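In this document, chain identifiers A, B, C, D and E correspond to the written order of the chains, with residue numbering beginning at 1 in each.
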Amino acid sequence: MFAQTTLATPDVSWLAIAPEITLGLGAAIVLLVEVQFLPPIRRLGALVGGILAVAFGFSVWQWIRVDELLTTTDSAEFLAGFLPFGEMIVMDHGSVLARFALLTVAALGIVSGWQLFERLGRRGAEALALVLLATSGFTLMASSVHLMMMFLGLEVGSIALYILAGITRDRISSDEAAIKYFLLGSVASAVFVYGVALVFAATGELSLLDARSFLSGTIVTRPAVLLIGMAMLVVGLGFKISAAPFHSWAPDVYQGAPAGIVGYMAAAAKIGGFAALIRVLHTAFPSLLAEWAPLIAGIATLSMVGGGILALVQDDVRRLLAYSGVTHAGFILMGMVGGGVGAPEIWFYLAVYTLQLVGAFGVVAVVAGATGGPTPIAAFRGLGRTQPMLAVAFGVLLLGMGGLPLTSGFVAKFGVFQTAWQAGFEWLVVVAVLASVVGFAFYLRVIVAMYMHDEADDAVPAPTMPSRTVVALTAIVTVVLGLLPAPLLELTARAIPL
Amino acid sequence: MSPEILVPLVIAVPLLGAVFLHFLGRRIGEPLAGWLATGAIGTSFLLGAISSVDFIRGTSEHGESIMLWDWMPAIGAAFEIKWDPLAALMTLVVTGVGTLIHVFAIGYMHGDERFARFFTYLNLFAASMLTLVLAGNYAMLFLGWELVGLCSYLLISFWYTKPSAAAAGKKAFIVNRIGDLGFMIGLMLVFFHFGTLSFDGIFERAGEVLTTGTATAIGLLFLLGAAGKSAQIPLYVWLPDAMEGPTPVSALIHAATMVTAGVYVVARSASIFQEAPAAGMAVATVGALTALWAASIAIAQTDIKKVLAYSTVSQLGYMFLAVGLGGYVAGIFHLMTHAFFKALLFLGAGSVIHGMADEQDMQKMGGLRKHMPVTAATMGIATLAISGFPLLSGFWSKDEILAVAFEAGGFASVLYVIGLVTAMLTAFYMTRQWVMVFAGDSRWDEGVHPHESPRVMTVPLIVLAVLSVGAGLVNTPFRLGLEHFLEPAFEGIAMAHPPDGIGMFLLLAAVSVGAGLVGIAMGGFVYTRPREVWTRFQTGFGRLWTAWESAYRVDDLYGAALVTPGRKASEVAAFRFDLPIIDGLVNGVGRFFTESGTRSRVIQSGYVRHYGVAFVGGLLLAVIWLLVVGGA
Amino acid sequence: MLTWLIAAPALAALVVAFLPKDRKELYLPVGFLLSFVPLAIAGYLFFDFESGEAGFQFTERIPWYEPWGIEWNLGIDGISLGMVVLTTILFPISLAASTAINHKVKEFVVAVLFLEAGLIGTFLALDLFLFFVFFEAILVPMYFIIGIWGSERRIYAAIKFFLYTAFGSALMFAGIIALAFLHAGQEGVASFAYQDLLGLDLDVVDERLLFAAFGLAFAIKVPMFPLHTWLPDAHVEAPTAGSVLLAGVMLKLGTYGLLRFNLGLFPEASVDAVPIMATLGVIGIVYGAAVAIVQPDLKRLVAYSSVSHLGFIVLGTFALTSAGLQGAVIQNVNHGLTTGALFLLVGMIYERRHTKKIADFGGLWKVMPIYAGLFLFATFASIGIPGLNGFVGEFLILVGSYATLPVFAIIAASGVVLAAIYLLWAFERVFTGVPDKPENQALKDVNGREIALMAPLVVLILLLGLYPQVLLEKTEASTEAILDRIEAVTDYEVPAPGRLDDVFVAEGAEE
Amino acid sequence: MIEVTAGWYMSLAAVLFSIGLLGILVRRNALIMFMCVELMLNAVNLTFVAAGRALGSLEGQVSVFFVLVVAAAEVVVGLAIIVAIFRRRESASVDELSELAG
Amino acid sequence: MIELVLFVVVGSAAIGGALAVIFAKNPVYAALGLLGTLFSLGVFYVVNLAHLVAVVQVIVYAGAVLTLFLFVIMMIGVDKDQAGDEPLRYQRALVGGLGLIILLVGGGLAVGGRFDWVPTASGAETLPNGTVEALAGRLFTDWVLAFEVTALLLTIAAAGAIALAYFKHDGSEPVE
């Protein structure tokens, strides 16, 4: 009786989503194992480590596969592998890079914040699962070439982060962080999806590629809807990357959320947000570059200057890092004003910066101590004498964020500066170089505290082995990439989006 | 041996002496250190003498320039020696007088804890002075020029624990520097126009390269420099203070040698001044005025060394008068004779001070004649010599200068009159000094037991006395030995000469000798009488005398006009401008940022709904921007 | 070779860093000994250097990351040679002078050695990107040296120093990027190599902007009036070694940069900028000296004297005559030696009395004659007494700049007088008179180590004063080359004093 | 007669969206702020549907489903957070949560 | 004609409900206002040929979500602290300003007909009256990945709810 309609199955490329599947299943497994066996949290940690490793392995495989695809002549095979699932997501170097970055950040974040997970006890399992899920969400967001897909990924990531922000119950400020993050975040995503709707209304397309071809094909006589939609997309993502004036959540959340997880939260949101921003603006609206480039430049300026000035007067290192994150959002946005050509520099900057971020928050977590209490700059006094190794690493990381030559931060800054200059935004570069000087000003305040003041009253606990390793690792990478950036640069150089 | 080797040694020997004494002087100690130093400079006297034989014989006319090594080739500066009669003469004077003063100093500095160091400086000075006179280019000349200044600084403030001495040394150096400023600028011009600083490169082409304008400029700038070194108006103020130094220093540096450097430079640059008569006249005028000015001050001084100091200034004025008018031989001639008798005077004064246990106030002396006969006799001779007593050295040289001035005529005849008056004053105050010190009855405090100085000090006095008597004979109107000797050095220069003819000579001589005798008579008449007479005599001049006594209060004037305002100015610059304004601005920038930071913190009020407002506001801005740019 | 010259101190720093914790007494000696390695290399370079050779020697070029056109591009010429040698000489001395450092000795030695590596790198780098890397990186060790081992207001001074200079170099960084892309625009490929960038033809506006960007960075480093106020603070607070290196080498980055990059890359703009730069230079000379006169603190006084002396270098540089440039180059070295010596001496007295206030002293000559002698020597070197090095540079500069900037030269000459005033007055107050204060009477004279520290400086001061040819003959070709380039690309003509035609031109000017 | 184009519906949606947006700013009860978010999401849905119809594309309607799902998930989490906070401090006013500032 | 009437009536109802949400003193009224809006939107969905959506709208939103809201409202008590006062200074003014701007921009666009837009070529074929099957087709072919991702969402929601709101009976937390 029922009319049999045959559905045309889309090209399915399991490889393209293998990491996400791993993560998703992994999360489920973690939860189930926890419920079933109540294992010690360490076991779960090992398990999560394994999951991340597997996911990373898949990503590497993807990378290789992408290289192959790019060499194939068979267009069908190419499309099937490159744009699987009805062109919902793309498997290109950019998306794989995003996976590398996010997985690394997740691993390091968990390790450096391990104390927290141990303290969470049974809730630790949920926390771990949520980290995995958030990661998968952001990877999807980064690899999607379809607005709704992007929205879903964004939500998966964000909602997980809202929960993580409020997951610890020992501190009131954790609640505040969670609710602020959640309310503002959901408004932002509402704005984003409204933008999706408007773009859909204006172009009739949700797929970025189709939208581009539509826009390149037709002259939009009444672009109001399209433009408003675009603005809303930019704003929605601007919130995720905490660019001024959409940054206001960042300081409070960084300060309120448990120290152990902030590093990951900040880094993951930035990676996903920027990956999406590149895709939306470059893949869908290259024809409107002239319109949105100035807008991006404006946001960048506001972020660099405003963030810098506010960071100058912070007393809590977490807030300081939050505002510095705002300035960094501004710097990274500079790489976008030239369109897609800046993508490699953006990716380099993201990789470098997020590593430093995680490392820095690793230190913060140590100083915050088990309770994840407040971390005023005063708490870092005399760290150079009490915890020399920690202090040196932190100093390196801070100077790296400041963009001091011989650190990776400098190379990264140089990259985005030159793309902006190439794009004809000389004034933006001038603003940026001056802003980076302001940057030094507030990073130095911490260094001053560490090296030029006497010890604080309550001694800083010795860092645990895991966090020690993470901090050291990130610091070393910062220096090494500052001396020999070429390998990573050659990697990111391939990440030109469609 | 040929000068190429010997002449460099003239400089090298005392220099090595200085270096040696610097490191080992303390070890070998007194008096050997002194004898070593004396030996060093004595050696270079001999070397100089040997090398200048040819000039005296007249076999080698122009001498030669000896290239040692490159210094600043970009501006034609090298370590090169110009060995010509002028240099030779200066060398002999410097080393000759220098040797005698070294000997004297051995006795004078006896017992000083830094005995050896003193001779180190003396030798260093000798080397520097010789560098100055032997220099083959202006750069090297300037090298010596500055080094003698340095040595004079070291020697004036030799007794540095005396604040006055330290201050005097500093003052001397800085005032000299002001002069050097002029000299340096002069050198800049020279280099700019000649492209080199080497004498040979300059003097041949002076005529073709220089216009009167530039020549005058250079000349005046050199005059400024010379005025600094040779203590002429307006820069003479350091010399009286320089008397803080040990007396041998005053004799050597501030009477015989260093202060004559200015005269030497003018003579050396004759070919430049030739292009600039105005500059020459300026030199002469400055000289004449200084002569009178200083002489008038000397009249009223009661410090035995101050009298000599102002007298030196005044005599240097004579030399300037001469060289300014082009009477180079006359100038140099007087330079030489003056070196002898003024050195003698200073040493004599030193001997007196020595014998009087460091008493310098002439009012506390008198009647020393019988206690220190040698000193008295020798100083008497010197006094007569400087007063231009016939047939003594001063007579010949001074008369030649006056004669030159007379001959030049025109404005110069005014200068001649000034010179004449000065001659009279000189005679007066010198006689006054001698009488106050040696004649009359003793006025010294009890406890003081004046005694003749040891042989080592008196011998130099005697030698110098002989020279003061006889040195004049090298250049008399009847036998112009010095003139012939120096001529090669001034080849191509139109030199001013005294009028020819014995009659004229006798007439002028008579006039000046008359002036001198008047002075002597007056001095003798007043100051052999008891004190009341002097005071009546002095009060007779009223305010004028006090003005002289206080040296016209020029120091106070400079202090009020230059030093204090300068200090004020730099204080304002440092504490009213640099710190509050410039640095204030810098810190202001920093404060601006932090301030704006603190102010903008209110935006981050912590109220989520405020954040919402910010968010929505941003959103609207973005929308509106895109709509506007997108042309919707 | 050059790479090793940079690497040697860096490696030395690592060696020290990995010395065992319990052998504290080793840190300083080891660092000191290792700092002779770069000195040896530099010495070799100096004697192997081809005199009369205008171009760069011992060059090394290895691409760093082609797509961006950045390279590891080193070379040395007459202008940098002197600075490199000076640097390598001053470092062992300042290390040996740091026995008073009693806490965090290891960190100190490491910081100093890294600073050396950075400074040498800055002088050798021919790739502008690389140059900037070093130029900025050296701020950190110096920042720590001032901030950790300095005196009371060290933190204020350190931060001020860091931010002020970083601010200056920020715009230069933009300028460097701009240059690279201008090159890309003309040659198709972005390049930061000095050799390539020389070939650019810039339009007037660009060139002036770039000149300004670079100029600002270097003017702050020099420091030129009115950007000098960080210097006194930094000097006063820094430890002895810090002051010596700051004044001796770091400030020279400014003058070196002006000479190498502003003159080298932007000849047109340089010629146009002569009035401004010369004015600032002369103001610096007079103003610095005037302010120095009344400074109550010895180090502040010497710091302001540096402002004054470096004014001479700026003037000489922008006089654009061969004598002026040679003077500037050699004065760079001279000032390093004399001021270094002065700071060493002040440091010695500070270690004994823990004060730098002139008012606290008096009559020291009596209690420590050798010290007084050394101080007097350095003082006169700084005043510019002929026969000592200071004179050679200043005299060349003055005589050289008269040809093009007569008025400026004349005003500048007055700095010579002022120098005598402030230095001798200070000397008088510190050393002469009787030592009335009890704590001064007990002072010990300099010991063997301290004399050994000063000895090389004294020797060099005399050597460069009496026979500057050792350096000048090597620099001449390079300075001439710069002038030739300026003459080639602009209508400016370097005056050759003494040429009769010039003389007549000058007459015309006078009438 | 006037024809009701999709533009009308979209305008209506825009109005609703704006109301929701401003509502967030004026209400300080977390729950109600959260309702405002729902309001915004519904405005989005209306846009999707209307536009989808006008374009004759199903994508609009499909999207609505996902928006719904997201909304549901958000509700769960959001209410959980609100409840958790309420447990601690007996109030749902966000104005009382303003320790973190500056 | 009917559509116009519907639009005016229901549309005003929707707006009314929305306004109720942001102005009602009592959270319950706010919830009911929201409910009204949801229903009116359901109507519009029907009008716009999105029947399935309309149904889901009513069931899911009105049925589930709203109930949940009301439940929580009841649980945490209906606090009347939402008096007319506004603790934050300038807040009202700011919001008013923003509203005004929105009004101006939106109004301007609407008047200028700018917010109206041209249905594009792809809109040639019109939707079938009854789209369930077609929807299913879309969902399970091209959108299948998105469909799966919603699974992640729900997992998160579940895990999150537990993590956040899970307490022992004594009210103390399992952590301590």
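Following the convention adopted for this analysis, contacts are C-beta pairs under 8 Å (C-beta built on N, C-alpha and C of every residue); 3 or more make two chains touch, one makes a residue touch a chain.
This is a predicted model, so every value here is computed, not measured.
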item: Chain D reached from chain B - shortest hop count over touching chains; value: 1
item: Labels of chains that are neighbours to chain C and to chain D; value: A, B
item: Distance in touch steps, counted as few as possible, from chain A out to chain E; value: 1
item: Chain at maximum distance from chain E, centres defined as averaged CA atoms; value: B
item: Central subunit by CA centre of mass proxy; value: C
item: Separation of chain A from chain D, taking each centre as the mean of its C-alpha atoms, in whole Å; value: 25
item: Rounded Å distance between chain A and chain C, as computed from the means of their C-alpha atoms; value: 45
item: Gap in Å, rounded to a whole number, between the CA centres of chain B and chain A; value: 80
item: Averaged-CA centre spacing for the pair chain C and chain B, given as whole angstrom; value: 36
item: Residues of chain A engaged with two or more neighbouring chains; value: 148, 152, 155, 159, 162-163, 166, 169, 178-180, 183, 187, 191, 201, 204-205, 222, 224-225, 251-252, 313, 441
item: Of all residues in chain D, the ones touching two or more other chains; value: 6, 10, 20-22, 24-26, 28, 34, 50, 52, 54-55, 57, 59-60, 62, 66, 70, 73, 77, 80-82, 84, 94-95, 97-102
item: Set of chain C residues in contact with two or more other chains; value: 163
item: Chains that touch, pairwise; value: A-B, A-C, A-D, A-E, B-C, B-D, B-E, D-E
item: Touch list for chain B against partner chain D, complex; value: 601, 604-609, 612-613, 616
item: Contact set on chain D toward chain A in their complex; value: 6, 10, 13, 17, 20-21, 24, 30, 33-34, 37, 40-41, 43-44, 47-48, 50-52, 54-55, 57, 59-60, 62-63, 66-67, 70, 73-74, 77-78, 80-82, 84-85, 88-89, 94, 97-102
item: Chain E-touching residues of chain D, taken from the complex the two chains share; value: 1-12, 14-16, 18-23, 25-29, 31-32, 34-36, 38-39, 42, 45-46, 49-50, 52-62, 64-66, 68-73, 75-77, 79-84, 86-87, 91-93, 95
item: Touching residues (chain side chain B, partner chain C) in the complex; value: 69-75, 77, 79, 139, 142-143, 145-147, 150, 153, 157, 160-161, 163, 165-167, 170, 173-174, 177-178, 180-181, 184-185, 187-189, 191-196, 208-209, 211, 213-214, 566-567, 569-571, 573-575, 578, 582-583, 586-587, 590
item: Residues of chain A touching chain D in the complex; value: 148, 151-152, 155, 159, 162-163, 166, 169, 172-173, 175-180, 182-183, 186-187, 189-191, 193-194, 196-198, 200-201, 204-206, 225, 251-252, 255-256, 313-315, 319
